[in-house]
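Step one of this worksheet: look at the structure below.
By written order: A, B, C, D, E and F. Residues from 1 in each chain.
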Amino acid sequence: MNNLKSGFSFQEKSKILLEALSNIPNFVSETFVIKYGGVAMSDETLLNAFVHNIVLLKQLGINPIIIHEGEYEINAALKMLGINNKFINDMRLTDKETMNIIEMVLCGSINKKIVQYINAAGGSAIGLCGKDGNLMKAEKIATTLKENKLSNIEKILDMGFIGKPVEINPDILFFLEESDFIPVIAPVGYGKNGETYHINAESVVGAIAIAVSASKVIIFSEGDEEINEMSNRKISVKNLNTAINNKEIKGEKLIETLMTCTRMVEECSGMAHIVDGTIPNVILELFTENNSSVSIVNDL
Amino acid sequence: MNNLKSGFSFQEKSKILLEALSNIPNFVSETFVIKYGGVAMSDETLLNAFVHNIVLLKQLGINPIIIHEGEYEINAALKMLGINNKFINDMRLTDKETMNIIEMVLCGSINKKIVQYINAAGGSAIGLCGKDGNLMKAEKIATTLKENKLSNIEKILDMGFIGKPVEINPDILFFLEESDFIPVIAPVGYGKNGETYHINAESVVGAIAIAVSASKVIIFSEGDEEINEMSNRKISVKNLNTAINNKEIKGEKLIETLMTCTRMVEECSGMAHIVDGTIPNVILELFTENNSSVSIVNDL
Amino acid sequence: MNNLKSGFSFQEKSKILLEALSNIPNFVSETFVIKYGGVAMSDETLLNAFVHNIVLLKQLGINPIIIHEGEYEINAALKMLGINNKFINDMRLTDKETMNIIEMVLCGSINKKIVQYINAAGGSAIGLCGKDGNLMKAEKIATTLKENKLSNIEKILDMGFIGKPVEINPDILFFLEESDFIPVIAPVGYGKNGETYHINAESVVGAIAIAVSASKVIIFSEGDEEINEMSNRKISVKNLNTAINNKEIKGEKLIETLMTCTRMVEECSGMAHIVDGTIPNVILELFTENNSSVSIVNDL
Amino acid sequence: MNNLKSGFSFQEKSKILLEALSNIPNFVSETFVIKYGGVAMSDETLLNAFVHNIVLLKQLGINPIIIHEGEYEINAALKMLGINNKFINDMRLTDKETMNIIEMVLCGSINKKIVQYINAAGGSAIGLCGKDGNLMKAEKIATTLKENKLSNIEKILDMGFIGKPVEINPDILFFLEESDFIPVIAPVGYGKNGETYHINAESVVGAIAIAVSASKVIIFSEGDEEINEMSNRKISVKNLNTAINNKEIKGEKLIETLMTCTRMVEECSGMAHIVDGTIPNVILELFTENNSSVSIVNDL
Amino acid sequence: MNNLKSGFSFQEKSKILLEALSNIPNFVSETFVIKYGGVAMSDETLLNAFVHNIVLLKQLGINPIIIHEGEYEINAALKMLGINNKFINDMRLTDKETMNIIEMVLCGSINKKIVQYINAAGGSAIGLCGKDGNLMKAEKIATTLKENKLSNIEKILDMGFIGKPVEINPDILFFLEESDFIPVIAPVGYGKNGETYHINAESVVGAIAIAVSASKVIIFSEGDEEINEMSNRKISVKNLNTAINNKEIKGEKLIETLMTCTRMVEECSGMAHIVDGTIPNVILELFTENNSSVSIVNDL
Amino acid sequence: MNNLKSGFSFQEKSKILLEALSNIPNFVSETFVIKYGGVAMSDETLLNAFVHNIVLLKQLGINPIIIHEGEYEINAALKMLGINNKFINDMRLTDKETMNIIEMVLCGSINKKIVQYINAAGGSAIGLCGKDGNLMKAEKIATTLKENKLSNIEKILDMGFIGKPVEINPDILFFLEESDFIPVIAPVGYGKNGETYHINAESVVGAIAIAVSASKVIIFSEGDEEINEMSNRKISVKNLNTAINNKEIKGEKLIETLMTCTRMVEECSGMAHIVDGTIPNVILELFTENNSSVSIVNDL
């Protein structure tokens, strides 16, 4: 009678359960800020698992805040409209017309799609961007470029409406925490003259996590090789900085992500996790001792 | 000393003030559902006056809920993309691709623009559509067409993703009532299979006003001749029905608007006002005895 | 349609309304301490306008506290009883019998009359004196008099039961703030041995305004020439002191009133207004830019 | 060591204490409406004991409401002013001038005196009349008189401003219940046209006790012979009615008092006590089994 | 990286977790009444698992109430004192001396031991018996016995202080629900004359579950063969009654337990579970689809 | 009519009442920690008076906490079981078996008996020991003994499970304060390894009184001669220390009790009273000026 159809004995099952259930009370009323995107968002199965996990977190009394990106859809829309993408230093040159398209794609299409999926999974999501409730004020970021390969002279480039967060007003997020609603945020901010900025989703995650004193930041990655190569699954801020300095960690984008994580860990005394978005239900790893993810902590 | 620069005596001023101030206590904590659009939205001066009025209402303790449309912008976007508009019985034939564009324009562009303007006027708006918080479930509406002018046979036409509200979940609106946030709603609903519908903004106003027991519905019109021709500025539901039946009121669209108003008045025991959106600050009329607007009431 | 019977265009009206309505949110939950009396109280029309204004303030969420005097009625009562009034330095020589009459007139007649008028205007007033709720402890004030016109020797005169406030217990006022009740206060205090004192109403206004951290003190004057002659309608404490020192301001009584105002302004960081009680609805001026009144502020 | 200076053994003392202390929990949060006046008010010692008892009741969590009369003082004031008292059927013919004097004496003199005494005893009283907070609306009562001793024809007499309570608004009393303030009420009401009425204090007690659902009415009597002659100290409404019908109880005024008590007992399911106001601290009898007082109860 | 030391893939683990975590929100704020005893209590390993499970339930927001028995310890104590156990119809003949011993063992030894174990596991338990907070009033139960095997005459036997619950006052349990404290209850009740009764633990479970509207009753059994033989793991009240009537279920004690369960299920619209107390962590089965336990439900 | 059957005049009675009633408001919401035992507990009449007094205190809004001992019953139980009592320095040598018996007697017999008596008197008591709610952590106390009468060498004796309080967790007591429940505590604590300790009841009183900031400690004594000989009924901590140092106070046990009292007085700024437990209702003395008790205060 003790043998389960699934092939587990109850003894085995109860071990897993004890581990997971014991973690829940620590997480109740805590806020998790999640950077969501990539294949985990475009693959229907992964998306469905994700929204069910999010609804479960909220039901357990945890407050998830989702920040999504939308590179794939933005590129498709711009292409359809015949607008050329020009990237410098990995940033898209974004004039006003482009920004209008980006805003519509992020706020009017992807954002509402995630909202709809969460709701269909039994939750109740509210789609926001940085304009709603004065959530995120931004300002232009400039990038620099060498005049030519031989030159050391750098010229500052105006990238248009690419911004960075300069002020977070978390009132609407605190307000929604008291409710059953789950905020889903598009990475779009407003400027001091009412203009609109596209902001890197990981920067938004960092800024919002700090503003709401999140206990966890969870970043969905694409199961990248660089991450899998990192030999330490759990790493302190101090050791991480050493590893970066020692060039032990590769990949510019990964390093940028890790830096966002360390800032958040230092300012919120929370933890940051870079999870493999290609694994269904990967968020549930947080309730287990599994460690496909890389965790950044203050102290080991 | 008693003569004002503005040319009013204080005696005259105080008369206006007594009238207006005395009305406020009746409105405090009440909800006004406002259908916004047309020239009142496209004209910068009128838009600026509108958002300042809305912020003022909220500061006075009134809860405005704004439902906007976006015909002009939708048409522009579809044209830019080379998508042909085909209208039958005043409704746009809306396939999935068209619906995607409409949603992006309404939810991702116009909605966030109004939010941004309200915020710039000192308020704090939250942009929503019918998907957010499961606010508005919709279903397809069909239209019928005579086979040909001579025929009496009507065929039912599938207009695509044109819908009507079938279920309002006002939780998010009640929740925001307790806050300083002002909801701005795009007329987009979700279907039972997760599909998206474009809904006539006045239908949304009617459905939401009833769901939140609004005390006022305010419909921004374009200063239409038909309205100005209506001889009664304040009219009971009963007299209105008589006038419509007697063909005393002209204009199919106006009649539809009036029908939305009477339904709301009957179900909410509130009042409905069709205001002339071309007059700056026209909302302030509600605090006065002025009557450029047509008001529909239960009993005279 | 846009022309009003009153001769105002809606454009003009809306300008006045925007100005007035915008002021209300700043005043909500604030306390106004009002010194009331003179012709504004004895003239039936002015009295009726006043009590309606007070009821309106309360309905708008403002907390008015009224302190009234009653010189005219006191004099009439004393005359009827054949009691001689003797004034020294503008103060009535007040023996115990006189004090009994004054208390009955102020607390038993005028106070209850104002209460009744406010109630008839739709409010709910509570009449108090300084004894109720231990509101105002007082002690005797002495005055000095030169022995004769040529002499420099001053003798201290016992004026009887003329007092000044020495301790305010605002508990009952804070308690009524939480309610719909409007306090109306007669300027009578109790002494440490249970004796009764008549106190100058403006002193009471000053002491109570400070005790409740009022945001406004409003003093009803009689449209006095001295006030009308003051060239500045809005004056800072600093400039006022200079003007008084430079003898630019005339009238001993006015100067005393102004001093009460400056003390209140300095201690409460509120504003003080000396309004012309002969203007009906003069309190509504506070919602406008009109300035028949003289306003004393901390900084211009 | 067990013998007390006072001559009581602790055993004796503890018996009294057990009895008294056991009664307190039943009284906490209950309201006692007290008719106060006569020698208990005019005698300094009795007055001092009374106010200390009242303060003690409030400190124990009981809500006393005091309604006082002032016959002695009214008569003195009218005499001083040379106004003739004319009584018909025990009621004073009260023209407007007389009413003014009565109101000043009741509301401006006696009421404030009791307030002051309660405060001096450590309490915090608020003096009210029927106008304050719209507490008591009244209307004229008429009396009838035989045309002459031989005639059976009665003519209706207009007694002027003698009234009876027609509507109690207990809001201010409920509001004060939540506070440390003790209401002291002068028996003066307002009429529908703003006029003022003098009302019999016992009628006020009855009307207010019913309006606030008092658990006790306590009526201070003068140690009258008629009361002492009543053979039953505790009497049911039913038996009392029988006794009155059988002419076993004498004294028209006593019978009227008893009728007020029975009405209150029947409508509030409380108890009424007619206490001997000449006994110092007589209110404390309520905590004991002593029965100098006559108690009217629903059932024995 | 995806392979766990424990031999489970994360995919397998996540399936178990999804199942378990999804159940928690349904249980939060619900009350589970647990009959505890037998080997699950005497075996140190099982006891330790049990108290950790209980602490976990409370941390997850569930309210466990434990009712324990203590047959083994009672027998040991009586034996040590040389008191003979005499059982009739499975009930111990319990005179006053025996009852004193039983009470001391249940309330003073076992109860405090479980409290101590729960506390050591990180909880905070409060040991109670039916006397505490007037929790459980009891009365004597009589049993009947045939005079001899051949006779049909039954005589009623006085079993002494063996009782059944007649009145539950759940105030203390409702009060503790609002706290972090876990009630542990010894099956001892008080009689109307203050006497003490020993009550069958399952009767206590039934009575308390009904009084607190528990959503689950959990009965620890000893892994009895009769239970394992029951072919249905989940059975409706109706089917259970049929099975009992058809003699398909054996074992008098099991049948009695099942009857207690059906009463509770019918009155609380909850579920009852008879779990195998020999399985460590068996309570966690409630979060899974495992079914070593027999569940009684209203409808299948 | 003013003469009472009990032989007191109402005047005398009212004097006692005024004194007692005036004290109550000072005590409301205060906590009294009471050491109960000896003849006051074993004598049925004294016990009944005690529990009625306790119920009365709670009804008056005071929070009594009772700590009882049980020497007499422990001795009887040990004797019945043939376990020899061996006392060294007034402490019982307590091995594990003895401790088990002591715990059962204190927690399972006496504690529940007092609970039952309080409940029968109309209260609602909850029986606790130091294990419940982690109330009292204890550790072993050692005693020392001279090797022989002539020697100065002291050896440390292990007394077994005799403990002293080292940590009070008053959560359960604060929680019960908010309720109608009266805590009754057996002097048993838990050790860091889960072991059980018997603790001197007066030490428990001291530790708990300090932890809950009691305003009074009341210690029931046996009417001992040493106490009656103390010439001062009310004594300051300072004077008491002097008296002890000067050997003016006799009796080692009394001195120990007095030391517990002074510690409590100094740490809680409350008062301690040693009352004569042989006097029925002796707790009521606290409401009077009687002084059979010895009171220790901070300052005279």
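Operating definition for what follows: a residue touches a chain if its C-beta (ideal position, glycine included) is under 8 Å from a C-beta of that chain, and two chains touch if they have at least 3 such contacts.
The model shown is predicted, which means the values in this text are computed figures rather than measured ones.
Student: From chain C, what is the lowest number of touch steps before chain F is reached?
Tutor: The least step count works out to 2.
Student: State the chain with the largest centre-to-centre distance from chain F, centres being mean CA positions.
Tutor: Result for max centroid distance from chain F is chain B.
Student: Hey, which chain ends up farthest from chain E, C-alpha centres compared?
Tutor: C
Student: In angstrom, rounded to a whole number, how far apart do the mean CA points of chain D and chain F lie?
Tutor: 48
Student: Find the geometric centre of each of chain E and chain F from their Cα atoms only, then give the gap between the two centres in Å, rounded to an integer.
Tutor: Spacing between the chain centres: roughly 37 Å.
Student: Report the inter-chain centroid distance for chain B and chain F in whole angstrom, where each centroid is the mean of the CA atoms.
Tutor: Computed from C-alpha means, the inter-chain centre distance equals 74 Å.
Student: Using mean CA coordinates as chain centres, what's the gap between chain B and chain E in Å?
Tutor: Computed value for the inter-centroid distance: 61 Å.
Student: In chain D, what residues contact two or more other chains?
Tutor: Answer for chain D, listing residues that touch two or more other chains: there are none.
Student: How are the chains arranged in terms of who touches whom: line, ring, star, complete or other?
Tutor: Graph shape, chains as nodes and touching pairs as edges: a ring.
Student: Please trace the ring of touching chains beginning with chain D, moving first to chain F, and write out the chain order.
Tutor: Cyclic order starting at chain D, direction chain F: D, F, E, A, B, C.
Student: Under the touch definition given earlier, write down the residues of chain F that touch chain D in their complex.
Tutor: These residues of chain F touch chain D: 1-2, 4, 6, 8, 10-18, 20-22, 24-25, 28, 52, 56, 59-61, 228, 279-281, 284-285, 287-292.
Student: Looking at the complex, which residues from chain F come into contact with chain E?
Tutor: 80-81, 100, 103-109, 111-112, 115-117, 119-120, 124-129, 131-134, 171-172, 175, 179-181, 188, 190, 194, 196
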